[in-house]
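Common to both upcoming complexes is chain A, partnered first by chain B, then by chain C.
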Partner chain A sequence: MLQVENLHVHLDTPGGLVKAVDGVSFSIQKGETIGIVGESGSGKSVLAHSLMKLNPEPPALYPQGTIHFEGQPVLEMGKTELRKLRGNDIAMIFQDPMSSLNPVSRIGKQLIEAIQAHQKRPKQQAREKAIELLEDVGIADAKARMNSYPHQFSGGMRQRVLIAMALASNPKLLIADEPTTALDVTIQAQVLDLLKGIQEKYGTAILVITHDLGVVAHLADRILVMYAGKIVESGSAEDIFYRTSMPYTWSLLRSVPVIREGGPERLIPIDGQPPSLIDRPAGCAFEPRCPFARDACRQVDPPLEHRESNHSAACILSSNEFEEQKKQLEGVLTT
Partner chain B sequence: MLNYTIRRLLSVIPVMLVVSVIVFMIVHLTPGNPAFLILGEDSSPEAIADLERELGLDQALYVQFFNWFSQVITGDLGTSVYSSQSVTSLIAENFGPTFSLMALSTVILLAIAIPVAILIVALRKTVLDPIFTSVSLFGVSVPEFWLATLLVLGFGVALPIFPVAGYVPFAEGADAWLHHILLPSFVLAIVEVGIIARMLRDSMLDSVNQDYIKTARAKGVKEREVLMRHVFVNALIPTTTVLGATVAGLLGGTVIIETLFTIPGIGQLLVDSIHRRDYPVVQGIVLFIAGIYVFVNLLVDLLYTFLDPRIRYD
Partner chain C sequence: MSALLDIKGLHVHFPVKKGLLQREKSYVKALNGIDLQVQKGETLGIVGESGCGKSTLARSIVGLQQPTAGEILFHGKDYADASAKELHDMRRNVQMIFQDPYTSLNPRMKIGDSIAAPLKAYKKTERLESRVKELLELVGLNPDTHYDKLPHEFSGGQRQRVGIARALALEPELLICDEPVSALDVSVQAQVINLLQDLQKQLGLTYVFIAHDLSVINHLADRVAVMYLGKVMEKSEKGAFYTKVQHPYTQSLLSAVPVPDPLLERGRERIVLKGELPSPANPPSGCVFHTRCPMATERCKNEVPALEPRGLSGQEVACFYPLVEKQPADAPKDPLYV
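Here is the complex of A and B:
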């Protein structure tokens, strides 16, 4: 349904050309759930926005690569075609529900706008549809809530409203850019369940973006790990969690807080900072922070290669080498 | 909302109290003996003393203030020394032209500033952008009095479409009223257009990058609708605060414009009364202008709550 081929997205900023997305390829099938994980600043949002050409231009440039949605080249679409794509075929919900709704406009009005952007329905019908959508995402007393303003809702409720809005035209793909980052833990689970429910009910494909591995473990059929604008490992949730083949993924997994019995939560942060996306180092971008790095890593930037059936990783270590080294290192660390 | 309105209305009281003290002080602490100035240089000391007694100027300052203020509270601003007419009726007679000027120039101000700001924002990514930017840069850096003079020379003298002096009340015919008031209102408005257009443009450009604009675009809403329904409406809120000060500032501008175009308004009455050392009138007008200033800001505040539901439902 969606094919991304060798996509490069650059941001022309006063500080230099930011290579936010640097040769990314993946595809999404109908009804599939894909997760993209990575640290802050790894280019996840820029990538997600590219899928409907939503990055503000300037600064965004698309120097190389293609995106096809149902065979149509998205990056070559004109204004009208893009407008038909956005919200209709591909919908998106954003990181911060607090600021993603127009503060001076009633919820109902914003929902009706989303409906009427793609469907020629008279106001009254659009209104009824809007109420249905609100009920669908679990807003109690939907009819009365139509007249509320965003600030009268909690964060979780606003995210539900945004999800309702995204569902207005039954999109084939729903992009959720960190849908739960700004929410309380208890609300996070509810929103994730809601997304799962939508997927089951409507068969919508979902691309969920997060820096929280727990979120993708919960939802995704397939996971892409992103680092410094590139995909460095991809595979099923099992591949990523149990057959980790790339040091960055391994570090990321270790940085997830774990609650141990009798002890406080333990978390091993990844040392150092992600590299500058303006002057990329020549070799592997993770080299300065990688506990397994060797000299060769500074010379070659390893490409994403198949390991097992659908499992790929970008590292000069083979899966077996990595497995060995990992055991050694973990042995050292636990003693 | 109602609560807010009432609170806001009550807050006017202390403001006006302070304003009256200041007005009184300015007029009474200005150097120079009013009686002496009124009677002229050749007047005898007895005559001056008589007039001082008559005007109450021989009493202690706080007594004078108390007397004046207890009158003001009942709506009596005193009597003109020059014409023996009550100050209130003088203000009432002269308010028509001033109000006309203010109202019309506010309309003109908005009618120019809003479309200009929207056009600048709408065309910001087209080939027209540099043209617009340089024109607006030119517009901002041109001294307003120069532009005003140019307008008067252009449409009053070179192409005598509009009269450059005089006033006809609205009641005597809307045509004649508009004919006389249009040019001065335009001149008055043009001075403030840049401020409002810039503020609106800046607020719109701020709003363009907000998350909710991204949401609107992601919904597939037409760019024109995104601009009007989301960007513009949100940009109105910060602009409104500036609008209050601007409209009130127009009132100050009327003093100059009325003199320039010989329009018999409050401003001209004020200037004449200063020349005549007619202190009760000066005092009354300054207090009245201050009152309008406070009133306009009150209106703007209420407009603000109308525009911003976050305040309305607090």
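Here is the complex of A and C:
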């Protein structure tokens, strides 16, 4: 359905050219859930915004690569075509639901507006549809809540309203950029449940962007791990969590505390900071922080290579070599 | 043995004016009868969702917030009765690390000066520069190159280290950490957590560690207090927290945390709470959790359950129907039931 080929997105800033997305390829099939995991500055949000060409231009530039949505080249679309694509075929929900809603306009009015922007419906019908959507996303007493203002809603309810708005025209792809980061855990659980329910009901493909490994483990069928503008590992959720083949992914998994009795007393942090995206060092971008780095890593920037079936990783170590190194290091760490 | 910090029946209420002439007064009950003890050298974890009063509690402990009722004893001495001189000394001994390292440092002050500020305030200016350098080194920063830098030249993790160095400058006994790692990226979060653990061992510090992230609390805390709407719902010892959870709220919090393990995630049963946190201006009658509790009865609506040892494990819990130890044979791998 969506095909991204060797995409490069650069941001032209006063400090220099930021290579936010640096040669990324992936595809999304109908009805599947893909998770993009990465830390801040890894380029995951810029990538997601590119799919609808939403990055402000300038500073964003698309020097190379293509994005096709159902065969249509997104990057070559004009304003009117993009308008049709955004909201109709691809919809997006953002991290902060308060800043995505108009604070001085009633929830109902904003929803009706969103519906009428994409569908020619008389107001009364649009209103009924809006109430139906609010009920779908689990807002109690939807009819009365149409007259509320955003500030009268809690964070979780606002996120539900945004999801309702995104669903207004039955999009084929829903992009969720850190949808639960601003929410409390119990509310996060409600919203994640809702997203799963929507997918079952409408068959919408979902692209979730998050830094939380738990959230992708819960939602995603397939996971892309991003580091410094590149995809460094991709595969099914099982591949990523149980057959990790890239040191960065492995380090991420080892650095988060997990609720488990007899869990590690000490976390293994990743030393240092992510690299600057302005002048990227030669070689592998993770090399300065990698516990398995060797001389060759400073020269070769390993491409994303197939390991088994749909599992790919960008590392000069083969899966077997990495497995061995991992065991050695884990042995040292536990003693 | 008396506790280092002893909080007894702490209430903090904020008045809210209402009505046409702003004459009607009501109260937001941010803290509603909190009893907590912290022993020297331990880490007390406080966990709860936004609006449960955990930050108000932190502010009260460092003396930034006057209690409406109740007392906070530090070394057996109440803040409220202390003379100005005693208060000055108590404040030195209780320091705080804030959530957001971006806003808690003066952007125009050099890092070295920021760390020196508390030393100057307490007139400990002998060997000022070398003391600041010691502190920089203690938190893993470079004493020579980082001294003259400004906060914007630092990353989030480094800024949080500066915040820690500043809090340690006066050699406090008690550190209040209010969400110290929640603004950091996961890879950096682990660095700061490890640093806090090392410093505790090295300097014999006592922590009150406040967070909404249960995994972080579980990792760090010796004892945990779970808060909801200005009340403590359950207290538990390390380890026991995850095997002998008794309060339905704690149970649902635990089940809501996504675990980075896909097979386990898919097989897990979630208790998804209905609704949202009620307003602390108008808390529910009886047990404050009854409006969202899956097992609430008539009794919960009318009576307030006291926080006392109950059930099989004998942990303190404020619930009439504490859950018994739950270890179903068919779910041996679930970390919640391990």
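By our rule, the second predicted complex is superposed on the first by the 326 of 335 C-alpha atoms of A that agree within 3 Å, B and C clash if a C-alpha of one lies under 4 Å from a C-alpha of the other, contacts with A are read in each partner's own complex, and residues count from 1 in each chain.
The criterion applied here is as follows: a residue touches a chain if its C-beta (ideal position, glycine included) is under 8 Å from a C-beta of that chain, and two chains touch if they have at least 3 such contacts.
None of these values were measured; they are calculated from a predicted model.
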item: Contacts of A:48 with chain B and chain C, given as first, second, both or neither; value: neither
item: Touched partner set for A:133, first chain B, second chain C, both or neither; value: neither
item: First, second, both or neither for A:157, with chain B first and chain C second; value: second
item: Which of chain B and chain C A:101 touches, first, second, both or neither; value: first
item: Most chain A residues touched (candidates chain B, chain C); value: C
item: Touched partner set for A:117, first chain B, second chain C, both or neither; value: first
item: First, second, both or neither for A:313, with chain B first and chain C second; value: neither
item: Partner chain(s) touched by A:176 [first = chain B, second = chain C, both, neither]; value: neither
item: Touching partner for A:251 - first (chain B), second (chain C), both, neither; value: second
item: Set of chain A residues, in rising order, touched by both chain B and chain C; value: none
item: Chain C contact footprint on chain A (complex, rising order); value: 39-40, 154, 156-157, 184-190, 192-193, 211-215, 217-218, 237-238, 241, 251-253, 255-263, 266-271, 273
item: Touching residues (chain side chain A, partner chain B) in the complex; value: 52, 54, 56, 79, 83-88, 91-92, 94, 96, 99-105, 113-114, 117-118, 149, 151-152, 162, 165-166, 168-169
item: Chain B residues within the chain A interface of the complex; value: 209-212, 214-223, 225, 229-230, 233-234, 237, 307-310, 313
item: Complex contact set, residues of chain C against chain A; value: 49-50, 155, 157, 185-191, 193-194, 197, 212, 214-216, 218-219, 239, 242-243, 252-265, 270, 272-273, 276-277, 335-336, 338
